[in-house]
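First chain A sits with chain B, and in the next complex the same chain sits with chain C.
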Partner chain A sequence: MAKVFIYPINSLILSDLVERFGHKPLSMMNQIREKVTSISLDSPPINITSEDPKMGLKYAAIEVPPGVRGRMSLIGPLIEETEAAIIVENPPTNFGCVGCDRTNELTKYLVRSKDVPILEVKYPESEEEARDFVNKIAEFLESLPKEKSEEDEKAKEEKTAEMEDKK
Partner chain B sequence: MSAEDSGLVKIALVSCGSEYSGVQPEFDEAAAKVNAKFVYPEIDVASIDTIGKDFGLEVASGDLRLMMARAKAVAEGIANVDGVFITTCFRCAEGAIVRNEVRRYIHRHAKIPVISYSFTESTTAGTLLTRLEALTTVVRRRHLLAREVQKGLTAGIDSGSTTTKAVIMKDNKIIGKGWVPTTKVLESAEEAYSQALKEAGVSREEVQALGTTGYGRFLIGDHFKAQLVQEEITVNSKGAVYLADRQRGPATVIDIGGMDNKAISVEDGIPGMFTMGGICAGASGRFFEMISKRLGVDITELGDLAVKGMHKNVSMNSYCIVFGTQSLVNSLAKGASPEDVAAAACHSVVEQIYEQQLQEVDVKEPLILVGGSSLIAGVPKALGELLKINVLVPENSHLIGAVGAALLASGYVEE
Partner chain C sequence: MTEMKKEEITKYIVISSDKVLPSDAAMKIYESEFPVTVKETCFGLVVTGSREDIMAVVEKIRQLDKNHIFIKDRGFPVGDERRCRATRGGSPRPGFHFLREEVGMLPLIGAALDELEANKPLKKKPKEKSRLKVSDLENIIEAELSR
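Entry: the complex of A and B
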């Protein structure tokens, strides 16, 4: 199972597709669910406080508007976990949209900067393109490892332990 | 507050995602304090993909397109609201373009008050309170704002950040004035009020109604049991057109206060669009105080000095009060004359008001300049030169808030 970053980050269709192929979608919905179910905070509607844009400083400098940094405080940690990514270009709003194009630019840049398999596809305009669109995504998801090899898992565990020791 | 006054005001929040910036609770808190509620005009989600072409402004961000779609819903009356609050992130160019155009669009197509603001993650409810108070006042108290003549014996106190002013008015005339630097809010108000009462030759008991405004309005309003406690946008608009005798028709009011400044577009004495500065003290009376101190002159002498000088001889940009002071020190070290420095300071302040605030307000003549800084002769001169229009400074322009409060308070005098 791979952790697959999806763009648009709140696309229900992409998230569902990733899950159907046995992988874990990295989506905005999970991040917001975590925020709104947090009992220690009360900052409606999605529990983002003035501290969150500060966390976003890890991904964007202080001169970047708070709306971008606030969004990046949710999206950034997902990019860090990313093992594969699907980027859909030119999607309509109802396919998924986080509302801010500066955030979109930064998100795509950070994902592309990672050394992970990425599928970039254009949003379909016709039925034929739609079939092709789904097939490409399916093919990409099938190419990702279903189970992590034991060696990979062991190497990752060792790396995590090493980092813990350093701390 | 009467029952009519206290009705819930519905304000359409047209924003590009303030919920992601951690400021939404601050917005809601400020609205609750003025008994208002933010509502979100409903739109068809598919229209977000086409609104750019419909509106004529094609931008990439979905939430900015959502703002345009919501503005359209307000203008077409689909959303039943009393006012509109338009807000985007500070420092976002795309957001600033949309914010300004959406504000103009609503102003043109809907006869409801609209304000705009750019927020940071540090924006607090307190910062927004004055703006929302002004917005809700225009909705609720149009009858009060229609008052053009002061009646009875009333008083007004303006508790400003730097000075506290008080006036006593009787039958449409100012009969007593008080003016003291603000130290302790209540004590300064007491002193200014006592000065005004003494000059007027009346006792507190005789005063039929009292209004308070300025930063300390709530505290002193409570202390003096004021009939009217009102923010300075509304009060100063009313005071400015009253003092300048321009109560009917359009006007633009610029108030350069001790800590911030305001630019207000007024129609028949009622504020329409307005902006409040205050992020940097470089464009306020505080900057003039520092300049006077460094030049070794009293602030009352700075204006006459500035009128004799040439601003072009000194390079000064008071975008930041610290950098402005650095420019001042450097130019004096290079041998600049105090007259040129004073003129440059006046030019720098009005230039900053022009660049940061007048861009958001339609400047319509007459332009009425008020606030303590209007008494510095170099300021109206510099503003007139910059805007190429005649600047009106009414008599008692520094008492604007107190006069406006006394005038509006007379609405509470029983006939």
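Entry: the complex of A and C
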């Protein structure tokens, strides 16, 4: 199971297709979940700790607008985990977490400069394009390794150890 | 600093099917008696619960019409005051616009997945403009009538 970075980072179609073909999508929603549901953090929804701007600074300089650095503090760690990427151009709308074009440019640049397999396609507008879009993504995802990641194996080991403790 | 007891996750189940309605999917979840929170929306369902329960529920619902039911994660839990329209005084929640645009594309994606499943060759080039086949026309009429 490969960790596949998707762009647009909150896309329903990409996230579903990646999961459908047996891989793990790296999406913004999981990052947001950590920020808004973890009660160990200070004051949701303004869950910005002193660590976050530092993380953003790793990807963008100090004179870059804070919106870019804030977004990069969430997107950056995902790019570091990336094992493959699917970039879809001309998204229909860009709002919310994907509403900053400079961040989007920086994200795509960082992903492209990583040495990982990348598929670049366009959002479909007709039946033929949709067929082509799905076929390309399916072919790309099937070409990625399907073995279980180290993290999964670790989680499985922990679970079995817990079960044994209970016994 | 307290830790959460059990990891809770939330998922969107977006239904773009001619056979399954959001209410059918919701009933299926109630029948299954999983301890999850379900919210019915215009495009499908939002479900919140522990990771194991949600993964089981989502897989069960996907099997109702697997090429026309799409699933994605959501950061905020169901009915969260920071996102719920009731407490924000109306207007779509942030993030809905992008989802709505993608939901409009789902019939095309679903049809492409159907074709892929029917073992059609993976590398199929887009065709040149040609006359509509009778069989294709029949499929379109059947899909329209079944709505």
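We adopt the following convention: the second predicted complex is superposed on the first by the 133 of 167 C-alpha atoms of A that agree within 3 Å, B and C clash if a C-alpha of one lies under 4 Å from a C-alpha of the other, contacts with A are read in each partner's own complex, and residues count from 1 in each chain.
We adopt the following convention: a contact is a pair of C-beta atoms (placed from the backbone, for glycine too) under 8 Å apart; a residue touches a chain by one contact, two chains touch by 3 or more.
Since the model is a prediction, treat every value here as computed from it, not as a measurement.
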- prompt: Touch check for A:10: first (chain B), second (chain C), both, or neither?
  reply: second
Query: Between chain B (first) and chain C (second), which does A:98 come into contact with in this model arrangement: first, second, both, or neither?
result: both
- prompt: Who does A:132 touch here: chain B (first), chain C (second), both, or neither?
  reply: second
- request: Look at A:38 in the shared chain and tell me whether it touches chain B only, chain C only, both, or neither; answer first, second, both or neither.
  value: second
Query: By residue count, is chain A touched more by chain B or by chain C?
result: C
Message: Going by the contact rule set out at the top, does A:1 touch chain B (first), chain C (second), both, or neither?
response: neither
Query: Who does A:65 touch here: chain B (first), chain C (second), both, or neither?
result: first
Task: Figure out whether A:123 sits in contact with chain B (first) or chain C (second), or with both, or with neither.
output: second
- prompt: Which chain A residues lie in the overlap of the chain B contact set and the chain C contact set?
  reply: 44-45, 92-94, 97-98
- prompt: How about chain A: which of its residues touch chain C in the complex?
  reply: 8, 10-13, 15-16, 19, 27-33, 35-40, 44-45, 91-98, 123-124, 126-135, 138-139
- request: Would you pull the chain B residues touching chain A in the complex into a rising list?
  value: 16-25, 28, 45-46, 48-49, 59-66, 88-92, 94-95, 119-122
- prompt: Once bound in the complex, which stretches of chain C touch chain A?
  reply: 1-4, 8-10, 12, 14, 70-77, 80, 82, 94-95, 97-99, 101-106, 108-109, 111-113, 115-116, 122-127
- prompt: What residues on chain A touch chain B, complex-wise?
  reply: 42-46, 48-54, 63-71, 92-94, 97-102, 104
